[in-house]
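See the structures that follow.
Two complexes, one shared chain (chain A), two partners (chain B, chain C).
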Partner chain A sequence: MADTKKKLRNPFRKRPKEKRLNRSVAGNGILFFLMAVCGVFMALPLVMIINNSLKPLDEIFQFPPKIFVRNPTLENFSDLFVLMNNSWVPFSRYILNTIIITGLGMVGHVICASLAAYPLAKHHFPGKGILFSMVVLSMMFSWTVTQIPQYIIISWLGINNTYAALILPAFSFGMGLYLMKQFMEQLPDSLMESARLDGASEWKIFWSIVMPNVKPAWLTLAIFQFQQMWGNTGGLFLRNEELKPLQYALQQITAGGTARAGAAAAVTFIVAAVPIIFFLICQSNVLETMTTSGMKD
Partner chain B sequence: MNRKKKKMSLSAKRSRTGFLFILPWLIGFIWFYARSLFMSVQFSLSDLSVSPGGGYTLDFVGLDNFLYAFRAHATYKQVLTTSVGNMLIDVPLITFFSLFMAILLNRKFRGRTLVRAIFFLPVILNSEAIVDAMDLARNMMSGGLSSASAEMAQASSGGMGIAYYMEMFGSLGIPEFLIVYLMGAVTRVSDIINASGVQIIIFIAALQSVPGSMYEVAKIEGATTYETFWKVTFPMVMPHIITNIVYTVVDSFTQSDVVELAYNTAFTESNYGLSSVFSLCSTAITCLILVIVCGAIQKRTFYYN
Partner chain C sequence: MDAQISKEAYEIAAKQKKLGYQIKRNKASYLMLAPYFILFFLFTVLPVVISIGLSFTYFNMLEAPTFVGWKNYIKLFLEDDIFLISLKNTLIFAVITGPVSYILCLLFAWIINEFKGKVRAFLTLIFYAPSICGNAYMVWNLILTGDRYGYLNGILLKFGFIDEAILWMKTEKYVLPVLIVVQLWLSLGTGFLSFIAGLQTVDKSLYEAAALDGIKNRWQELWYVTLPSMKPQLMFGAVMQITQSFAVADISIQLAGNPSVNYAGATVVTHLLDYGSTRFEMGYASAIATVLFLLMIGTNKLVQRILRRVGE
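For the complex of A and B:
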């Protein structure tokens, strides 16, 4: 009797054997092992890139090859800047070009795609179905093949050999619209209705209700688009050397072959590192941003 | 005139605002993409010749290019069927793998951001220039190594080959197509891991848009993790399974051999008409597959509203 009383007095007392429900230690172990194996598969190239960029020349050519660097130096990076300062476009110019193209292309795409996705997901108007199937159709089409019509259109618009040739088409990729629409569709209608009843304009609803609620979606899209734009070499559309992006510089250095192996390793590191850092920043912002959508039903 | 505007119904007004929202995207889309799609159709129906002073002329030839592609071209049909086959193997595997990974990566543990980044790496490292640079590095590192590995591959192909497993499982009464599928899956593990970066991210975002209160309720009602997954998580991410299937299909097709064939036809053989036919036909087939798959899933999809 006294025993039960004691129990009743302190209902929040920790139970003597706190057992975690639903998952065993073995299960956790297996999961950890699986993730570790997959993770190693994926991380290996990056480990190689980092190590290669720190290797002195003799270690790069060493046989049998070692993954990890023995005597790390920053020689490759200084070599790279010397090499690039001797070329007639300074290396910083390539970096600037890439930042302009990537930044504007990404921001523009996220805004345009979200703007367009909102009515497609939440409004009803004639032609909506056709418009959306057109978007999906356009995604199916591989743009490597349509480079020629693309080129014709871009030179017809007169934006050939400018940043706009890469930035403007990026605004209207179908993928982003599709992604945003899928996420916005899941927002409860009543959320928008209540905002409307409170007299919010459509713009206000979009900007302060829809967008904050789909933050994981547009951050994902930003990551995705950043990667797309960052990987762009400018290819057909940019002819002037001083407009070309960083990826093009990397290609040129790599084409130099073994003579520039050190510099190539350094540029590869720079080119790969920035998207990863961007990803890390965005991902940590995605965390726990989702509210319970503000509904009380 | 002014009066008429006032008479516009609420729904009409709303649809007009909606249209205004779409406009910036639509203009870009029509300018850059719809036009080039249209031009591709045009090319596929004609014989394109580049004029010496710049520009080009089109001679209308009707369906000749299509007939040539399917009747006379040496490899097109074969490449197309293998690409479609590969895609059909990859899509379910990638979808389930990435859902699985996303659920794991959505749990709270130390160093989660880092692990997520690792799984996103292949997407970042997939750009052309980085692949080139990596190839160069590999060549330098393994000048003599490649011959050694070739020897090893030759030596190992004798004993435990795929044929051996096929026979063993076949004698156990497992249907052959299943074995072929699984074998295909096993040999593609690294491809599949590499191809599922974006899908994992999409699923993580999807998992985070599931209201936390639902899990709370499930917990209070005493649901196990297993039940919570099938009754809460799975229905809530179902719409994004379609998103991911669409993305995977598009991604695997734009990187398939068909596109490469079309690209080579256009840029090395300068046969733009035939190249357009190739890509149009594969687009049509992809769309068909998507319509079937999504139609089948859509019926079972639960939408929150």
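For the complex of A and C:
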């Protein structure tokens, strides 16, 4: 922690160049080359989505198809906005729905899963092993068949056709708890022990010691959960048009077939761009933790 | 006096052993678990238990389920040839894509970790891109188009490897290998990002200590320092990999169709979807899900045992 403070005092001080141990120049060269070649392949979908969204209609229907756009235009986006304005439910309502569902579903899941992961990783109590293995095993059961019983339970609880039907199940996805528990397990026990001696409650330890130290984990979990919730169209659980998320409305637009191919390309772009922006925000914070975290045994 | 003390100590010990006392003492732990696990039981455990129960019934989603005993399972293994094909395909898929993709995730995460700042964030995005762009299949449809204009056919024709265009997704022997390649390309998802995050938590001072201890190059550093320090993430990555590679279905349906040519691209989950969403035979679909579930549990046990030996 001490050196963090020093950095804060003088932010313009040039950071001494970190010395990398055991690194050869040739090795760096080979790795860079490898990454460049593989990177081109991995970047293909991204390149294609961007190019498609900028293509005028005649290029979208061109045969054989080309990846790169020749006469870029923003027509597709203006078409999309016209379609949005004609929608029966105002588009802002879909956006609001998505913000509520994605936001609450993500924040709630990160908190619930982390809160449960802490005792599973660091406390000793009866039932711990069983609870944890149930979570891991639950990830292995096919989601397709559990959907029907889940629907019945949601109807029975009377939360069908409300936001809660999407948000509450999202709180308890298995992967998040597993991820958080694995990261918390790595924290040295001494970290919590000393806080306990100072009289801190378990809640306080969780918020002010455990969570800051596993920041890369919950930022990564936030990315996963954001993607998951953002992709949700409401499906079986939301019937009212005014409750449906943006993703559903956008899909309705693309369902217009060939006549709307341009707008559909713009939709594909927007659907991918939002999680990418969120991804970049989170990832840059994951990287920052490297320099600021004071986890030393 | 002594006897009295030891008797008191014995009573305290006995009291501590009681479950009620244990629960009371760990009240904070249970309170922290409560929000997650109440929802987890309602929305996950209960549906899974119901589904396993349904696997012993005939249930068409219109009438009430009727109990049929082991009939679904017997039919699955003795009468349903397509299930056996799909099971074989799934096993081939899992055995190849599982380990290869796991190692690729780890390798790429580790190499990206060698870079710094903006380059690093950019590389992470590029490699995660197929998982974040919903329609990644589109690219492969372009590459694999069966006529001369498909990119792959174009290249192979140009260099004279083949004389006429190949219908990639309509030729039985190519379907599975192509699907495996696409799946590998798509698979840098959850495991990859968790490795990236895991590498952040490795204590930097360990590297200095290792250098003093005579570790010569980055490969030794990876095996003796990095991997053992991120064992929990390795375990997590393995489970994610198992759940993904055994549940492959989407890419098969998108690229090869469902049903695919002679069931060359059929997997357990495409078979399950066929019964669950097309034929509405939920009892049978649940039986398929249960078999898959048991298969994954077994694999998980095996893999966790192997992973315990990392860095030894």
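Everything below uses one rule, namely that the second predicted complex is superposed on the first by the 262 of 297 C-alpha atoms of A that agree within 3 Å, B and C clash if a C-alpha of one lies under 4 Å from a C-alpha of the other, contacts with A are read in each partner's own complex, and residues count from 1 in each chain.
Definition applied: contacts are C-beta pairs under 8 Å (C-beta built on N, C-alpha and C of every residue); 3 or more make two chains touch, one makes a residue touch a chain.
What you see is a predicted model, and the numbers here were worked out from it, not measured in a lab.
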item: Partners on chain A (chain B, chain C) - clash or fit; value: clash
item: First (chain B), second (chain C), both or neither touched by A:28; value: second
item: Contacts of A:115 with chain B and chain C, given as first, second, both or neither; value: both
item: Partner chain(s) touched by A:68 [first = chain B, second = chain C, both, neither]; value: neither
item: Partner chain in contact with A:250 - chain B first, chain C second, else both or neither; value: first
item: Which superposed partner A:189 touches (first chain B, second chain C, both, neither); value: first
item: Partner chain in contact with A:43 - chain B first, chain C second, else both or neither; value: both
item: Overlap of chain C and chain B interfaces on chain A (superposed complexes); value: 21-23, 31, 35, 38-39, 41-43, 45-46, 48-49, 63-65, 112-113, 115-116, 118-120, 123-126, 131, 134-142, 144-150, 152-154, 157, 168-169, 171-172, 174-175, 177-179, 182-183, 185-186, 202, 206, 214, 216-217, 219-220, 223-224, 227, 231, 268, 271-272, 275-276, 279-280, 283-284, 286-287, 289-290, 295
item: Chain A partner contacts - residues on chain C that touch it in the complex; value: 19, 22-23, 26, 28-30, 32-33, 35-37, 39-40, 42-48, 50-51, 54, 61, 108, 111-112, 114, 117, 120-121, 123-136, 138-139, 142, 145, 149, 185, 188, 190, 193-194, 196-198, 200-201, 203, 205, 207-208, 210-211, 215-218, 220-221, 229-230, 232-233, 235-236, 239-240, 242-243, 246-247, 269, 272-273, 276-277, 282, 285-286, 288-289, 292-293, 296-297, 300
item: Parts of chain B lying in touch with chain A, wherever the complex brings them together; value: 11, 14-15, 17-19, 21-22, 24-29, 31-37, 39-40, 43, 101, 104, 113-130, 132-134, 136-137, 140-145, 190, 193-194, 198, 201-202, 204-206, 208-213, 224-226, 236, 239-240, 242-243, 246-247, 249-250, 253-254, 259, 262-263, 266, 272, 275-276, 278-279, 282-283, 286-287, 290, 303-305
item: Of chain A, residues touching chain B in the complex; value: 21-23, 31, 35, 38-39, 41-43, 45-46, 48-49, 52, 60-65, 112-113, 115-116, 118-120, 123-126, 131, 134-150, 152-154, 157, 168-169, 171-172, 174-175, 177-179, 182-183, 185-186, 188-189, 202, 206, 214, 216-217, 219-220, 223-224, 227, 230-231, 233, 247-248, 250-251, 254, 257-258, 261, 264-265, 267-268, 271-272, 275-276, 279-280, 283-284, 286-290, 292-293, 295
item: Chain A to chain C touching residues, read off their complex; value: 21-24, 27-28, 31, 34-35, 38-39, 41-46, 48-49, 63-65, 67, 112-113, 115-116, 118-120, 123-126, 131, 134-142, 144-150, 152-154, 157, 168-169, 171-172, 174-175, 177-179, 182-183, 185-186, 201-203, 206, 214, 216-217, 219-220, 223-224, 227, 231, 268, 271-272, 275-276, 279-280, 283-284, 286-287, 289-290, 295-297
